[in-house]
Structures are given as C-alpha cells and as structure tokens.
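Below: one structure in structure tokens.
By letter and in written order, the chains are A, B, C, D, E and F; residue numbering begins at 1 in each of them.
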Amino acid sequence: MNMLYLTRKAEFAASHYYRNPQFTAEENLRIFGKCSNPNGHGHNYLLEVTVKGVVDPHSGFVVDLKQLKEIMNREVLDAMDHRFLNKEVPEFAKQIPTTENIAVAIWQRLAGKLERAKLHRIRVYETPDLFVDFYGET
Amino acid sequence: MNMLYLTRKAEFAASHYYRNPQFTAEENLRIFGKCSNPNGHGHNYLLEVTVKGVVDPHSGFVVDLKQLKEIMNREVLDAMDHRFLNKEVPEFAKQIPTTENIAVAIWQRLAGKLERAKLHRIRVYETPDLFVDFYGET
Amino acid sequence: MNMLYLTRKAEFAASHYYRNPQFTAEENLRIFGKCSNPNGHGHNYLLEVTVKGVVDPHSGFVVDLKQLKEIMNREVLDAMDHRFLNKEVPEFAKQIPTTENIAVAIWQRLAGKLERAKLHRIRVYETPDLFVDFYGET
Amino acid sequence: MNMLYLTRKAEFAASHYYRNPQFTAEENLRIFGKCSNPNGHGHNYLLEVTVKGVVDPHSGFVVDLKQLKEIMNREVLDAMDHRFLNKEVPEFAKQIPTTENIAVAIWQRLAGKLERAKLHRIRVYETPDLFVDFYGET
Amino acid sequence: MNMLYLTRKAEFAASHYYRNPQFTAEENLRIFGKCSNPNGHGHNYLLEVTVKGVVDPHSGFVVDLKQLKEIMNREVLDAMDHRFLNKEVPEFAKQIPTTENIAVAIWQRLAGKLERAKLHRIRVYETPDLFVDFYGET
Amino acid sequence: MNMLYLTRKAEFAASHYYRNPQFTAEENLRIFGKCSNPNGHGHNYLLEVTVKGVVDPHSGFVVDLKQLKEIMNREVLDAMDHRFLNKEVPEFAKQIPTTENIAVAIWQRLAGKLERAKLHRIRVYETPDLFVDFYGET
C-alpha cells in the first residue's frame, strides 16, 4: 500500500503577547522578555498542514486540494488572520498563544474535518528561524 | 550505530495536465478545474531525494555524492526535465501526473539503484506551497 | 516630494517552448536546446509588479492594494496562469515566449491601467536563478 | 571611481492597524478591510538598508559593518521590534503605519547617522509578497 | 499527552577540506574532487536543532528559548563559527568534517545539555541543496 | 527601444580572511573581529550577474544563456569556487577579499566578455543577510 503525505502551506498575520496572570510582573518579564508587552506584537505565521492517505486511483489525489484549502481557510485563517490572538481567538483566552499552543489549537480545529485523508502534522513557523511541529495526542 | 539521512535537491521544469478519460467533461472540470486544460501548463518541480545509511569511516560519507547526482540525472531529470509528462513519460500514459503519482514514479525509478545507502524519502514540490512525501510501499 | 516604490508579487504556472519557424530544425535545436521540444515544458513564473507614486496622505497608500491585485489578476493571471503560452496567449502567436518577451507583454497589459501610481518595473522569474527586468520603452 | 552599494538585512516583529479617524467606520472598512481591526495584527517585517560609498582602501569596506548594525539596532529595532506601531512609535501617532510610511520613518531615523557612507535605499517587506522602496526625498 | 517538537535555526560560516591521509593523492582527488584542496573552502552552514517535550502549562513553552539559544551559541557556534574545521575543532583532528560528521559532532555537543526537553534531531545544510539529518545513536 | 535586464545566479563556496599587514594585530582584531582568523572561514557566495540589451527579434533573447553560463563558469567559478581567496585568487594577493572587493573583481573579469549585451550589475551575497552591488566605474 502506498501511503502519501501531502503538505499545503498558508500564511496568516496576527499579533499576540505572552503573559501569565499568575506570575508577578518581574516573572513575566524574566520569562517572556519583550514578548510580554501587553500592547502585543506580531508575526507573519507560516502554517504547513500535512495530511496522509492513499491515492484515489481515479483522481490521482490523496485529498481534494480545493476542499483542503477551504477547510484551512474556514477553520484557521478566518479565525486567526489579522487578529490579536489573546483577545480574539477563544483558545487563547486562558492559554498563552505560544507557537506550541497555536500548533495544538490548529490541530484541534482541523482534525476530523477531512473526508478522505487523515491529519498527520501541523507545523507553525513564528519566524523563518523558529517553528513547532505537532502530530496529535499520543 | 549512527544512522544518517542525507538529502540532495534538484529541479526540473515540466508541463502536465489532469484529465481522466473515464470522467465526463463536466466531471474533469469540476474535479481538476483549470488543471484540466489539455494544452498543459507547467511547473518548476523541486525534488528532494533522501537516502539513509551509516557513514563510511574512510570517506565520512553516507553516499557518494557524485554518484547520487548522476543517478538522479540519469533516472529522473533526463526523463522528466523539459518534458510534457502526460505525453513523454511512460508512467503517465495511463496515470494522471499528480504530485502524488510523480513522487511514487520517482521512488520506483531510484529504489535499488544506490550502492551503499537506502532510499528513504522522495519529496516533490509542485509549487513552493504544495509538496508530497513518499517513503516507499508499506 | 517623497516618491515611493511598491512591489507586489504573484505566481503563475504556464508552459511554453522556444521555436522560430524561420530557423531550420538544426538551428532551433542549437539555439534553443531542450527548450525547443514542441510538446512544451513549464515553469512556476514569479511576477513582481513595481509601481511608483507619492503617498496619499489620507490612506498612507501609494496605490490601492486590492485594486492592484485585481488588475494583476484580470490582465495577467487570468490570461497566462495554467496556459500554454505559445498556443493560448495572443502576444505569443508570432513571438517566442522568452522571459524577455513575457516581461514586455506583461508591461503592455498593465501600463495605463493603474489609477494613482505609475508602472515602474516588471520583473519575471522563469526559475529561482533566472529573471528579467523591464522598465518600459525608453 | 568605484561606487559600491552594500545592503544589510534585519527583521522586526510588530503589530499595527490601519484607521483614519477622519474617515467614517464604513470608509475605514472599505479602504482598509480587515487591516482596520483596532486590536491590531502583526508581521515579521524584513528591513533592507542599502548604503553607498567608495571602498576604504585600508579595510576594503564601504562601511563599518558593526557600526551599521549598531545604528540599525539603536535607531530602528529598539524602537519598533515587539511594539504596537500605532501606540508606541511616535511617527505613527498621527500617521497610519502603512509599509510606505514605515519606510519613510526608517529613512528619517537613519539618514545622517552613518559616518563614511550615504544612505541609499530603505526596503521594507510587510510580507514576503509585498515590499516598499524609498530613496529619500527628491 | 501532547508531544511538541520545536526547531530553532542558526548559521555559522566555516571552512573545511576533505582528505584522508591513508588515501593516496590520486584517491583523495578521485573521491573528494575539488573538496580535497588543502587550503580549504567554505560554507554558510545552516543548523536546525529540534527538541521535543511536553508543554509547560505555566509558560506555554516546550523549552526556554533564550536558554536554547545560549546553549547553541556556547556549545556549537563559539567553537565552529569563523573557524577552519579541520584545524580548529577537535572532533575533526582525525575525522573528515563532512556534513554527516558535523551533524554527529553537533549532536554530541548538545545532547544532555537541555533542561526540560530532549534533543530530537540535528539538521545541517552545507548548501541550500544538500543537508544531513541525525537523530542520535540507535 | 526596449531595454531588457537579464539576471542569472550562480553559487560558489570559498574561504577567506580579513587582515591588513600594515595594521597592528590589535587593529586587525578591532576592525575585522573574528574575520581576521588567518586560518580562514568560508561562505556559500551567491552571485547575480545582470546584463542589459535589446532583444534579438529572431531568438527573443537579450543574451545567449548558454554562453553567459559558460563565461561565468570560466571567468569566475573556475577561479573562485572551492578556493581560499586570499591565497589562490590573484586579485586578493594584495587586496582584502571583502564582499566589496570581490564584486569589483568579478565585474573586471566579466566586463567586455559578452557578445551582444552589456554588463550592468554584479551582486554578491556573502550571507543571506548581506550583499554588495557594483555597476562599474563611474
């Protein structure tokens, strides 16, 4: 059996900040540095969604690419693009929007939404030099 | 034992189109959209070939890089570069040249050709935002 | 006066081939090499459109970005994306679709279409390692 | 005489939004779309600073690279990195922080600060697909 | 349990050459080609360090990013950046500094140094078209 | 008249160091920092050669691309690739191989060698974040 892994990229521009209300101001500054500025700062997040499955012999596709794009737009980009993550995305009302937590939130938004293929990996780049991968709960 | 994975990239420029003769014209258009134009359209495909093996203690290499390049040129680029995949590459006479099927075809052309190392993964980028990975039959 | 230059990128996937019917078969092969294959081959063309103008003090913009995108889509991408340039784009019925001639054709399609700003430069990448710039007739 | 142009890149992560208080809510939405969200959104801005000058025959340099980096850090990155541009950078208290206006503000912060070379161009990428160039007042 | 993989990139500029003193001059030239020039040649090596772990619920982090950067600087970049690897890095006194051997050496320098997370993968790019991955001894 | 500018990229891997024998050891260290290590360090230099000219109406080309590649290989890459610039490239026997001086040396090696088009610009990237442009003597 031929298992194929297909990855589609997308970008979204969002702002966020890092602050734990249970930490003191000093702790927040020590742990989060300039990321703790409550006005927020932003990134062009680069998202890579990888799905896996066998090829449909009629279409040659693992997944309907238009459908994958629509799901990514509807479940992730509409909610996160041009948003202040801490204030406008429910997952981050009580959770710090680190790249790690963003990757898990995107996994949860996408898992189970695809028809033919299975979600395999979420990769989120916060900057070109820093990214996080999540393969689902284990 | 130290297992190392070495990846070499190469590019090829080819054209293709997506059409299943068993589908109606309407189905082809619905499923494949503008990719179904029979005149073809093209891409700069980016190929990543990953091999794995242990290091030869005399050379420090997992694989002879010149040999790897020659095999990639002879088995893949000579056949696919500056070609219309549907018309000129035998694998796609009866199979749609989707990125998925191209990755499998390249795997089959390369597997078993290397002397020291084993083929581990074929990655094919159709565009900078879309790529497919294949690790061989499982 | 502050003159600003704004550049927006777009990509299109097209196929083409190089052949001059006034050349012999040998001349076509010698001059154009494997690009002369009449089945065509393809590229992910990367287009950069640069406009120049002064900033509108009310909006802070040199040009309406949505309008620029619409004009690029309507005048260039709708005509060239997923097309066989030699057969389907009128400029290349009698002219070889080299990167040079593509850049001039895109300039002619865009010049005079913008409201506030002036077209300054068309850059077309045929591959990541080869591109052409055109600044209009001089 | 040999005139050389040297370019150094730097990145900064900031948030901003687009809103003109003299426009109605409808005008702000029509002109600025989702960029008008007052919570802000963000980008990884990529800055390219180009200086020009003749080579110092003793060092082989057009400009002292450490000094150039220090000036860029002190004048630009310390002020704009991890900041909400509308709220925390004085130039944008009354001016919309579009890429155009950011490029002019960075020019004004850097011009006249270099010892040997002259500032030639400021390029600011808001995203990988959109950038602005400014060469100073003319 | 949510296992997250975080990758941070860094670059270093170094020179090296490939030569095995047990080979004859002819063998060295045949096996290593122009890489055997004993004056050395150089690369901008791109290093990717991937760590894995569970997220600290208080910080949202898998690993302290500042600490990770400090360890990478102290253990790898201080030793290898702007160095002639064969002459100045102890691991390569008796071992050829191929990309494979560099990846293993970097793994050994970093493994066990991280507090919360575990080292998962070392990736080293010698050029943009050639890279090696190492996941530790197996 | 339509003036077109065509750019072709190439890469070479070389090592170098910065040291002026007329400076004291302290001055060399202060001015050149870790670049003054006489063992040398290296880079993957990225070269962009831009030529300008009018299009040949028979071929659609500004310049014969094969010829341009051959000239770049013969005049630049054969001399500089996999070399220690200070020791093996004559221009740098008495001149420090800074990016500035490398750009001028490459211009001098290429100017006057092209048949149809004129050399317009040499761009040399020492790292992805630092590059120099030279347009010839003025």
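Some notes on this structure:
The definition used in the following text is that a contact is a pair of C-beta atoms (placed from the backbone, for glycine too) under 8 Å apart; a residue touches a chain by one contact, two chains touch by 3 or more.
These numbers were taken from a predicted model, which means no experiment stands behind them.
For the pair subunit A and subunit E, chains touching both partners: B. Taking each chain's centre as the mean of its C-alpha atoms, the one that lies farthest from the centre of subunit C is E.
Of all chains, B has its CA centroid at the greatest distance from the CA centroid of subunit D. Comparing each option in A-D, D-F or B-C with C-F by residue number, the pair that reproduces over half of the contacts is D-F. Subunit C and subunit D touch with mostly distinct residues; of the residue numbers seen at this interface, under half occur in both copies. If you average the CA atoms of subunit E and of subunit F, the two centres end up 28 Å from each other. Averaging C-alpha coordinates per chain places the centre of subunit A 34 Å away from that of subunit C. Those residues of subunit A in touch with two or more other chains are numbered 128. Chain pairs that touch one another are A-B, A-D, A-E, B-C, B-E, C-D, C-F, D-F, E-F.
Across the interface of their complex, subunit B is touched by residues 1-10, 50, 55, 58-62, 64-66 of subunit A. Contact residues of subunit F toward subunit E in the complex are 11, 13-16, 34-35, 37, 39-44, 81-84, 87-88, 127-128. For subunit E in complex with subunit B, the residues that touch the partner chain are 18, 20, 22-23, 31-33, 95-101, 103-104, 128-135, 137-138.
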